[in-house]
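Two complexes, one shared chain (chain A), two partners (chain B, chain C).
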Partner chain A sequence: MPLSIILSRALSALLTLFGVMVVVFVLVRVVPGDPISMMIAPGATDADIAALRAHYGLDLPIWQQFWVWFKQVLQGNLGTSISMKQGVITIIAQRLPATLELAIFALIMAVIWGGFIALVSTAWRGTWVERAIDNFNGIMLAVPDFIWALTFVLVLGVLVPVLPISGRSDPSIDAGLATQFYILEGLARAKFAFVWDVLKHMLLPACALAFPLAAVIGRVLKNTMMDVMVQDYITLARIKGLSSIRILLQEALRNAAVPALALTGVQFTFLIGGTVITERIFSYPGIGNLAIDAVINRDLPLIQGLVLTFGIIFIIVNMAVDALTVWLNPRLRHA
Partner chain B sequence: MSPVIDIRNLSARSAVGPILRDVSLSVNAGEVMALVGESGAGKSTIAKAVLGILPAGIEVTGGNIFFEGTDLLALSPARLRDMLGVRIALIPQDPLTSLNPARRIGDQLTDGLRLRAGMNRKRAFDRAMSLLNDVHIREPERVLKRYPHELSGGMRQRVLIAQAFSLNPHVIIADEPTTALDVTVQKQVLRLIRDMQREHKTTLLFVTHDLGVVAQICDRMTVLYGGKVLEQGFTAQILKNPQSPYTRALLAASPRYDQPEQSLEPVPEALIAELQREISA
Partner chain C sequence: MPRDLRIWLGGGFILFLILVAMFAPLLAPFDPLEQDLMAATAAPGVEPGHWLGTDSLGRDVLSRLIYGTRIALTVAFVAAALACLLGTTLGLLAGYYRGWVDAMVSRLVDIWMAFPPVLLSILLVAVLGAGLTSVIIAIVVIDWTRFARVVRAETQQQARLEYAEAASALGMGHGAILWREVLPNVLPVVLVLLSLEMGIAVIVEAILSFVGLSVSTDTPTWGGMIAEGRQIIYQAWWVLVFPLGALFLTVLAFNQLGDGLRQWLDPMLKR
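Here is the complex of A and B:
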């Protein structure tokens, strides 16, 4: 890719981030609720409250507050959490790996499952298999992630308790890891029992997040596969005597994946948004769960830091999708 | 000598009505047979029936297609697939849509060599280079690394011709192989197909609506109208002395450089009405 395109992409990413900063900064200050009133002890005087307000810089006009925060962010400092009395970056760095591992695990499940149902219903198009998958997929598509989450908690956690429904790993296991990337580090250090336990904890929240995404991928990919399967080059591949499975995977899938990929990127950002409620339901210690705590506590620096983090993740996902699209579609490479 | 392709009393229909009516034709080894007719005459349907790729909704209602003594219509899809590519190949109509846009030329061209002839990648690519040489593509090693969109239409059709000949099939079906090309390129591609056919002694079933093309490369021709064979015989004889009034009208409708005034006569409507009555009888 030429340098000018990379530069313009980077510039537009920075502009997007700036927009996100402005919007979230203003929003958290105009919604009702006051962080100071959450922290004062009963019987505090007006002078105490004013002093506290001045301590956090909340007595300044809003544009000055923004300017102070903006300069901080540029220096790589997101401030101190009001409720947790720790640096916002430290807190997020502690929690982000849990969410990343969960979201990527869910994404992998959704891509495999969605791709599988798309391929199966393309291979058996026009038969009862396709209709059955379409109907099943409709249900998957209609139910949102948090309903799946609550259903899983009830059915697989309470009625038939087969899987853990809370936390990220069994607290009695001390794996002695240095990072919060439990799966990556656990695999690197060959602690497979621990990784297995973490995967079991991730399975239900990941399924809740993955099901709607899998349904979307399955539907879109199947539709584009159907379009591709009537192309001349597919007919010619058949006349070349290639096997059906090779035609499906080698000839059709890559061409059909391009439109499905763009949508998967958008939907994956929704999935990351979905971690907020899903992590809450499963008491999963990621940034989604943290975000809810931050909002309840009116922890303005933490909320701002979290939204900024989500913004950066969205931008990275979109860039990754762009890069993958170009890789899949050779016609875009020289454009 | 027994024919390589022997179509006997082939009939097919769609929901709308009959598409092929009792078509019989045979093609001898090493011969070029033209299937001539306007759109809807059924020439492409015959080609598709031989290749086993009739679209959904078109159904063969009778007849046989013998290929070297085997009835292709009676074969299981798996057995037919074993024959396709190796013994029967296709030069498609539209080179712009017949190559997979996401795969390199070399990978597509060597599919048959690797998967059907069992060559390893290195040998298949060596063979592909000499095939590209045969179809007069310069710098074949660079072309093999290209994607289809990086080649012109004529180049792509050459690649597809090389692919069709790659496993030395007994029969190649050419489905209007020059229709989608520029006029200047048409001539070169046509000559290339004829040269390749002579060199490999391949039997060629050539589907076209262009009598000029027929005159240039076909030994015999079959004229179709409305799914029915109107006339069949040696090209030179039919072009000189057409028996069917429809063939005469087709000839009159073909452009001629020497007599621009007289050419481009449309097929008379009275004749079309008569033909319609005849085939539906």
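Here is the complex of A and C:
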């Protein structure tokens, strides 16, 4: 890809990020209810309140507050959480790994499940199997993660209690990990029982997040594979005597993967957005759940930090998808 | 599923909901707010008359479900229509005039897409104060981008076609071309999006109720019932299951209607 395109994409991403910061800042400033009033001890004097106000910079005009905050963010300082009395960066760093592991686990499940759907319905095209899968796929696509999450809680957590529906790991297990990347570190240290427990806790929320995405991947992949299956080179492969499984996997799937990939990337950002309510439903200790608490507690610095974190993740995912699509498509690579 | 069946099933269910909402006082066996602590968390059919059971305060689940359709449909129709109006207008302007209008609208859409929509809606409602109006405003402010993105692309395509050029040659002004020539051709897509958006609006309202930020707790909503049901799930699964089922069917109905409309309008779109 020419350098100028990369530069203009990066510039555009930075502009978007700046816009995100402005929107967050303005939104958070007009929250009614004084955050200071929630943190003063009973019997505080007016001078105490004024001092606290000055400490958080809440006594300056709004554009000055933005400028101060903007400069701090550039220096990697997101301030101190009002409700948790800890650095915002520290809190987010503590909680982000849980969300990342959940989102990536859900993405992997969606790709496998979507690919499976597409392969099966292409292999049995024109039969009742294809129609049944199409109908089920339609429901998976129409119903959002919020409903799936609650359905799983109800059916697999309560009525037939086979999986845990709350938290990230069994609190009675102390794995003694140094980082919050439970799966990665657990695997690296060969604590397989612990990893298994974490995976069990992740399975239902990840399924809820993965279902709509799997449906999208399944549909796009199937449609492209159907187009590929009538091409001459497939007929040729069949004449050469290749087995139909091999034709499906080697020829059709490979050629259908690139268009599906671009869409998967965009949809992945929706999945990340979905972690907010899904984590809430499963009491999962990630940044989405934290963000809802932050809004309810009117914790301005924490809200700002979290929304900014989501914004940065979204922009990174979009840029990564752009790069990957170009890299996989030779025509664009040499443009 | 055949396209006509989709439209009939989806549309029929929504019509059914509209009737339920209109005649709620006649249909509901109990006052949805009436508490009866002696009959609290009764399973379906255990207490006489409480066919779908009662919640932790002994309120009748069926009656609350029936009254809940009112909020759900109000949000679906009002919020989706307003989001549609705002997004379509901006999309038309951006697609037709290009230049700085397009640059601004597109940048705004980019910025909006970088927010998790659920988080943004919760934040907006927290800013505006809980309540039905805030929920509607939040949905409009967030979901106009769905319309703007698609309508912009569609308008760009339409404005390049010969009929737009012909209208311009005939001396029609920009406004007239947009309103009389381009808009009618973009309308089918908008209609499909509108149907889908209604389903999304119902979900967003339920999510906000679930988090405790929608209408006051005195008004029965499906989301509010779901939130309570999630808390007492081990004692009374029926408090969760019925509103969840209602939500599921409603979203599915709006989607089937939208999909059916899409298939029906497709030949007209020539794609």
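Throughout what follows, the second predicted complex is superposed on the first by the 308 of 335 C-alpha atoms of A that agree within 3 Å, B and C clash if a C-alpha of one lies under 4 Å from a C-alpha of the other, contacts with A are read in each partner's own complex, and residues count from 1 in each chain.
Operating definition for what follows: a residue touches a chain if its C-beta (ideal position, glycine included) is under 8 Å from a C-beta of that chain, and two chains touch if they have at least 3 such contacts.
The structure displayed is predicted, hence computed values, not measured ones.
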item: Fit or clash between chain C and chain B when superposed on chain A; value: fit
item: Partner chain in contact with A:Leu328 - chain B first, chain C second, else both or neither; value: first
item: Superposition-derived angle with apex at the Cα centre of chain A and sides reaching chain B and chain C, degrees in steps of 10; value: 90
item: First (chain B), second (chain C), both or neither touched by A:Leu236; value: first
item: Chain B versus chain C as contact partner of A:Lys85, first or second or both or neither; value: neither
item: Residues of chain A touched, compared between chain B and chain C (which is higher); value: C
item: First, second, both or neither for A:Asn255, with chain B first and chain C second; value: first
item: First, second, both or neither for A:Pro144, with chain B first and chain C second; value: second
item: Smallest separation in angstrom, by C-alpha atoms, between chain B and chain C in the superposition; value: 22
item: Chain C-contacting residues of chain A that also contact chain B; value: none
item: For the chain B and chain A complex, residues of the former touching the latter; value: 51, 53, 56, 81-86, 88-90, 92-94, 97-103, 111-112, 115-116, 147, 149, 160, 163
item: Contact set on chain C toward chain A in their complex; value: 1, 107-108, 110-111, 113-120, 122-124, 126-127, 129, 199-200, 203, 206-207, 210-212, 226, 230, 233-234, 237, 240-241, 244, 247-248, 251-252, 255-256, 259
item: Residues on chain A engaged by chain B in the complex (per definition of touch); value: 126, 231-233, 235-243, 246, 250-251, 254-255, 328-331
item: Residue numbers on chain A that touch chain C, as the complex places them; value: 12, 15-17, 19-20, 23, 27-28, 30-32, 135, 138-139, 141-144, 146-147, 150-151, 153-154, 157-159, 269, 272-277, 280-281, 288, 291-292, 295-296, 298, 303, 306-307, 310-311, 314-315
